[in-house]
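For reference, chains read A, B, C and D in written order, and residue numbers begin at 1 within each chain.
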């Protein structure tokens, strides 16, 4: 009986974390779709829409958060080490994503910013995509990671600055797109100055945003460039014995099997 | 008969792709000249000129597109693998360059932006220039490629932003030069804020423009610097005992095994 | 008698410079706390507060400067080589930090900018923190150093620009936060243009600020990236035949001489 | 007779190019002083001063250009290969520096921009300074070169933009300092937008300025970082036989004399 339950637990864990069966791929694609849907609802709510449509969107949103809550509980149940799971970075992001539901019962307006962290769950996409597309090249994975992280960063900051500035500055931060445009212009240090935060909280967030952009973008470009450079340093001699393809330019012998190149 | 046709096909392919005979150089220089002429016509049309001059320019432009269409068909005929040719990046650029002619019959105003991609054909210049000037140094080729790509990028974005913003914002985006100035100021992240897009489409294009600039410029500069640094470091002495190839310029003995170099 | 005094001198020097006993850690944490308190007083004074509160803050500030003066004299007494101590960079920062007290007796308003250099003493924190947290990794130390230096730079420039611009430009540079926001936006080359220096001195300081930011930030990021890249690459196998030390992680044989590693 | 003249020619060439005797150092310091004086005169002329002072400055300026002309002729006479001298980059800069005198007889106002290139002669300072201060370290030379080049670039662009914009935009580009402030803010991509060129020529110069800054600054910082990084890669083992101090980290033997480290 215990063994059977253990076997079910392992099967479920396998469906959630590995991507080698069609069931696990479908489950993960559905979860990714829900993240997108949830983010899209937030964006749509920033545009002028009818009250009935707003209430419909909020209903869908609540259902999604409940699904995420159930997913979190299943993941908790599946984890071999409960403590390790709770303090993992993915678990932290999940908690941030489902937190608004429960805090929202008390005060939904202010804490709503946290909902944006749900987008960070998209990082899990990389793992999925790697297995789906059978990408071997390290370059492509790095590039995909950079773009995904950058997209998440900009999206979260855009949502946060919209929440903060829309109340006091509704003419300039009209809808989500204005906030997104401001985030991109600020994080890339262009800084036109046509859209500007006025509140103190908005300015503090802008300072955090600038540092994220200034440190993140050149850092990632630098890593990518060095990776590409390193690859161009290797030559294309193929080892005749073991078949290894990537050798340093100054290599005389295969580092794996010592065959003369 | 079939063999003769095959021989003509190979000769024509040779004239278009290789640059070792005077005929092929002349053909390619004429094609490059037509690209410049076609781009110049677009730029001139943004300035206040007489209607008769506009119609004259448009006639020349149509002739040029027809020449490009014929060139594309010849290239298609010459290609060994038709499928590989259609999905090559050069073919894609060529299609974008000649597309406006055929779509233009239906709606010329909106799709006209695509015409700017014709400038990307200038990239072929590098291959030509390399053979013309007998440049051996890898550095110079990289530098030429960076400047050409950067020029094309800025030129295309300037054309696109002019097309989008001139209608709604004619005071700020007066002519092509204003759009060019805006593109440079934006892509290099200077962002004065004196010229600003007002329409939503213009802002979206600006976001794309910023990302191109922020990723492209440091990436290329980084590659160039590393290449130059690598060349100034290298040395071609090989150790006769252990076979180490990377020795400093002033080395008399191998630093690993002390053998005389 | 002389030997006894010498022994006390060494003990005191040990308490101030090393962080291996609880007494020395407590002394240094108190000093760090005083630096923070002193900086906080400057920041608070830029906000609208009652005159009695200002005079209270100034009294605390005077006491702190006196403590720093005594600390400096003790350090001077402890130093093995008096000359080397006076011309060390830490001594120079300490002098800048306590100077306002003595010059202040003549003209306190103008020279007050120097007080900001006191923040630079925070750099000593790194040494302390390293011993407290038993950090072994070189990466973390570099990262902590970058953030601390950056924080100090921004804080000092914010203080200086506030001192210069607040008199002539009180609407724009209202309080310390405005100056901090301006410093971050300027040093990271965002440059919105909403907060702008008007006086010639403010513009000169802005130019200095820009150069600090433009040279410091990419330089430090570049060092960090290369360090991280280097660490992920390295491996400590040594070839027994030719003595080559730099082998890839997955190498089984020396790539130069084919010896088994 | 011919031999004697030849010997004088070589002596003069020695005084101008080498820095090993006190006479040659004095001559070169005087020339550097004249360059600074000439640049200072241009800057002073941009501020509101009396007409009599202006005419005095212009007299001094004319004398300086005549001295530079004579220096150029002497350098030409001293050159072993006249053709090689004329097409050297230093000769080109010298010609640009003395050109305004002769073109000035026809139209002094417009061509005056060229006078700014005289500042580029400061680059010769490096060679002089290296010999004066007996700097051995490659790092310091690179750092000095970067700052000198950057200073020259900013100074020349500031002068040029002042010449172009002051006529049409006297309120914004009041004096040389405004132009300098604009140059720094633009070339470092801060771009506040408070000082903006209005004329088409000013905008074209701004575009050139931006590209110089965007390519030059990260390029030089990158070179410097890599040099510093390379030096930190070397260890501080000293060869016991020949005394060489800089060895690669993976070196087992001295690369100069093969002694075991």
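Operating definition for what follows: a residue touches a chain if its C-beta (ideal position, glycine included) is under 8 Å from a C-beta of that chain, and two chains touch if they have at least 3 such contacts.
Protein identities per chain, from UniProt: A, B, C, D = Potassium channel protein.
Here the structure is a predicted model, which is why all the values come from computation and not from measurement.
Asks: More contacting C-beta pairs: B-D or A-D?
Replies: Pair with the higher count of C-beta contacts: B-D.
Asks: For subunit C (Potassium channel protein), which other chain has the most distant CA centre?
Replies: Taking each chain's C-alpha mean as its centre, the farthest from subunit C (Potassium channel protein) is B.
Asks: What whole-number Å value describes the gap between the mean CA coordinates of subunit B (Potassium channel protein) and subunit D (Potassium channel protein)?
Replies: Taking the mean C-alpha position of each chain, the two centres sit 34 Å apart.
Asks: Can you work out the whole-Å distance between the CA centroids of subunit A (Potassium channel protein) and subunit D (Potassium channel protein)?
Replies: Averaging C-alpha atoms per chain gives centres 49 Å apart.
Asks: Considering subunit B (Potassium channel protein) alone, which of its residues make contact with at least two other chains?
Replies: 189-193, 218, 222, 226, 243-244, 256-257
Asks: Touch graph of the chains shown: is it line, ring, star, complete or other?
Replies: Contact pattern: complete, every chain touching every other.
Asks: Using the touch rule from the top, collect the residues of subunit B (Potassium channel protein) that touch subunit D (Potassium channel protein) in their complex.
Replies: Contact set of subunit B (Potassium channel protein) toward subunit D (Potassium channel protein): 177, 180-181, 184-185, 188-194, 217-218, 221-222, 224-226, 229, 247-248, 250-260.
Asks: Please give the residue numbers of subunit C (Potassium channel protein) that touch subunit D (Potassium channel protein) in the complex, ascending.
Replies: Subunit C (Potassium channel protein) reaches subunit D (Potassium channel protein) through residues 186, 189-193, 196, 200, 203, 206-207, 210-211, 214-215, 218-219, 222-223, 226, 243-246.
Asks: Residues of subunit C (Potassium channel protein) touching subunit B (Potassium channel protein) in their complex?
Replies: Contacts found on subunit C (Potassium channel protein): 189, 191-193, 241-244, 256-257.
Asks: What part of subunit A (Potassium channel protein) is in contact with subunit D (Potassium channel protein) in the complex they form?
Replies: These residues of subunit A (Potassium channel protein) touch subunit D (Potassium channel protein): 189, 191-193.
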